[in-house]
Amino acid sequence: MGRLKKKFRLSFVALPYTVYALIFILAPMVLIVVYSLCYQQGGGWELTLKYFEKFFDLSNPMYLRSLWDSVWIAALSTIVCLILGYPMAYILSKMRPSVRGMVSFLFVLPMWMNFLLRTFAWMTLLENTGVINTLLGHIGVGPVQFMYTKGAIVFGNVYNFLPFMILPIYNTIVKLDGMYLEAAGDLGANFSATFRRVIFPLSLPGVVSGVTMTFVPAVTTFIVSRLLGGKNALIGDLIEREFATGNWGFGSAMSVIIMVMILLMMGVMGRYEKEQSASGGLLM
Amino acid sequence: MKKLVCLVLCAVLLCGLVSACSSGSKPTLKVYNWGDYIDEAVLDMFEEEYGVEVVYDTYDTNEAMYTNLVSKGDAAGYDVVIPSDYMISKMINEGMLAKIDVSAMENYSLIEDRFKNLGYDPNNEYSVPYMWGTLGILYNTTLVDGPVESWSVLFDENYSGRLFMMDSVRDSIGVALDYLGYSMNSTNDAELAEAEALLKEQKPLVLDYTGDEVKDKMIGGEAALAVVYAGDAITCINENSDLKFAVPVEGSNLFFDAMCVLETSENKELAEQFIDFMCRTDIAEMNRAYINYSSPQTEVVDALPDEIKNDGVQYPASEQIADSEVFVDLGEYVEVYNEIWNRIIFG
Amino acid sequence: MKKLISACKGAYSAIIFLFLYLPIVVLIVLSFNESSSRAVWGGFSLKWYTALLENSSIRDALVNTLFIAAASAAIATVVGTAAAIGINSMRRLPQTLITNLTYIPVTNADIVTGVSLMVLFMFLSIPFGRVSLLLAHVTFNIPYVILSVMPKLHQMNKHSYEAALDLGCTPLGAIIKVVIPEIMPGIITGAILAFTLSIDDFVISFFTKGDGINTLSTVIYTAITKGTKLKNQINALSAVMFIVVLALLIVVNVRASKDARERERAARNRARHR
């Protein structure tokens, strides 16, 4: 009995947070679901599916197309990040521990620079009259139009999110027990076999968290597309615009769709992900 | 480590609190204006002369301003806004603007008479003109071949990937309607469908649908053509002499931006003082010199050098703007415009 | 062969580093450019830095940013630590429920968190301004504090809290004297994480800030998308922020490795005494 009482008291200190979370985490989610399903008419509210019908309207699939664009651009960005990031994480993990700290520090550094400033930097470089085209002009090439394209959005995403891919993968590889590798070697596996059969499968949790940390912000960004992508607008721009022009219902509906998409993705990914703190290794 | 973190947190918290509290006592005026549409030094001068604090914020389009005011209601707390003609009549109709007493304003008489009692506010009960101007094409003479005289250049494949359109419902659809020979205020479904088709066809040629950033880009030589307001064009031309501005032969949009007091304002008197202050010759000139839009203030215009008065851009002769139309409030029909614009941007 | 491989590795790392740092270096170089053009080098100048110092909107935004970051980190750290301790001792069902709730802001897209908070504030007619901004930042910060503290609580000996109670401590006393010191590293990590995330945030601030109130991020956004005269100052600001971030991270890392060395030494001593 006494123990039960103690238990109860200790969980009690979570009460302020529980209340806070119900108001500021749960209620907003409920609200946008409500807004996405209701519309105001006269004084009353009416239940409706019209916002979702508008989004999934196959006779005018502009919203679906913009969602599809966002998804493939984000997916491509994620794949490029993985292809570039995995070898880097691997190389990093094989460095001498003293060097390793320093080098991983260098990776973290640009990540803490303001996101907008980093994207702005690429505007400066990529514009038709930007630094790169000016240099190309001196050697008689170009100007090449880098900006205002979907490619530029992919590029911006890769730049901004590459460290989010490298670090989680690095963290899992570096914690791999060397014994596995030795064992694989003893059993006659060469490097590629060891990599395929041992290292890569064991580093999957890192890959999964890297992929989610890259894909989710990439699919919903409206900064990168707005600053680098020119007329190529993504689903994030659409949501921002709907809220800015007061169409809350439709904006909420799209937010709900994005949320469901992310949840589904998390569900699939979650199978591969072991318990990992979301912030794991980001800071130091 | 622990102590360091604590210390930093405490210090920052303290200085934040001090700064947050120190601004509590004075009366506050909240001004809501277009982005990059005032010399901000003017605000400091007003604060000093009247012993008040000015909170200043900006919007990109009339529509964004309107939405923000409607959705936040009283919570927005603005006193002064500077919408354009058609938006002013919409806001008057919806009871969002307060009547103002122009007789109490010392400097109101300095506003040219032809800018008073215009269609959007026939008895001049709600607004005092701030700036006016035209919509037209800013072009880079080193990047275009042939003259730029008509909206047709915006639909010319030769300029593919070398032009900026404006991210503004009324302006961009207005350009298409005007080019097709229809009224910029058309509420005819067939005409709008034609305009939509034209803009859709144009999209592959467009680099971006821009807001204020277009000025930077045109100064830098990013593109050959851009649809801009005359005042912004002058700002760009002052920085880059390769640029020129043309009001198309088809005519264009003539706009008036005027200062209004919101019905929800709790400082109506101070708001009127601010509007009066903005009409004062030195202040009106500072703003004119900074944003380069056309001023309706007589003393400001009189003092201008001839090359500005006669450049045909800032103070066009009346025959130049004879074909121009002022936007009017379309009421509910504006939804059709919004839908079309969405389909163009995201289609 | 070995040499070749290690040369390849070096070259690959160099390319990635170049990719990560090139734009930052370009911004820093341009911040010293006398000319406002980025195509022409007009000579060395500090004029953009002077302009930056005199820019009151950036100064106000900096004060706001630091205030919001410190206040939200402080609140999030206290509430979040308490929450973690509480959650850790909950029964299975409520524990799962609250943990899942906590994961929402972490996994959700920023834009969804941002617009949903905006909708909430309007619904509750909370005025948009410093308060709404602070509430929003606390909301996305608390989960990170909880997630930083949780692993330390798991590592902790479950019985030490009960032992303290048995030895006559009050529950509050036991938490302060026994639990908090054990999980301190997690709390500090959480606090720093909250502080930095708050400074770095743009999207959520964009939707929940009041009009006329800006953080550094939103001021930068305005300058990039609107101002014609601010870009060079933004270059200078980038350089300053880079230096500050560099300095902060160096301090944090030096401290961390010193702590680690001390812990190692302590462990060695303990082993020797045994």
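Order as written gives the chain letters A, B and C; numbering starts at 1 within each chain.
FYI, contacts are C-beta pairs under 8 Å (C-beta built on N, C-alpha and C of every residue); 3 or more make two chains touch, one makes a residue touch a chain.
All values derive from a computational prediction rather than experimental measurement.
Asker: More C-beta contacts across B-C or across A-B?
Answerer: Most C-beta pairs in contact, of the two: B-C.
Asker: Can you name the chain that lies farthest from subunit C, using the mean of each chain's Cα atoms as its centre?
Answerer: Greatest centre separation from subunit C goes to chain B.
Asker: In whole angstrom, what separates the CA-based centres of subunit A and subunit C?
Answerer: Their C-alpha centroids are separated by 17 Å.
Asker: Which integer distance in Å separates the CA centroid of subunit A from that of subunit B?
Answerer: 36
Asker: Which subunit C residues touch at least two other chains?
Answerer: Within subunit C, the residues that touch at least two other chains are 192, 224-225, 256.
Asker: At which residue positions does subunit A touch at least two other chains?
Answerer: Residues 129, 248 of subunit A touch two or more partner chains.
Asker: Could you say which residues in subunit B touch two or more other chains, in rising order?
Answerer: Residue numbers touching two or more other chains: 71, 220.
Asker: Which part of subunit C faces subunit B closely enough to touch in the complex?
Answerer: Residues of subunit C touching subunit B: 37, 57, 63-64, 66-71, 73-74, 122, 125, 127-128, 130, 184, 188, 191-192, 195, 211-212, 222, 224-228, 231, 251, 255-256, 259.
Asker: Subunit B touches which residues of subunit A in the complex?
Answerer: Checking each residue of subunit A against subunit B gives 60, 62-63, 65-66, 127-129, 145, 148, 230-231, 233, 237-238, 241, 244-246, 248.
Asker: Report the residues of subunit B in contact with subunit A in the complex, numbered from low to high.
Answerer: Against subunit A, the touching part of subunit B is residues 63-64, 67, 70-71, 161, 203, 206-209, 217, 220-223, 338, 342-343, 345-347.
Asker: Over in the complex, which subunit A residues touch subunit C? Could you list them?
Answerer: Against subunit C, subunit A makes touches at 3, 6-7, 9-18, 20-29, 31-32, 35, 84, 87-88, 91-92, 101, 103, 105-110, 112-118, 120-125, 129-131, 134, 159, 162-163, 212, 216-217, 219-220, 222-223, 226-227, 236, 239-240, 243, 248, 251-252, 255, 258-259, 262, 266, 277-279, 282-284.
Asker: Going by the contact rule at the top, pick out the subunit C residues touching subunit A in the complex.
Answerer: 9, 12-13, 16-17, 19-24, 26-27, 30, 38-39, 79-80, 82-87, 89-91, 94, 98, 101-113, 115-120, 123, 135, 138-139, 142-144, 146-148, 150-151, 161-162, 165, 171, 175, 189, 192-193, 196, 200, 202-203, 207, 216-217, 220-221, 224-225, 234, 237-238, 241-242, 245-246, 248-249, 252-253, 256-257
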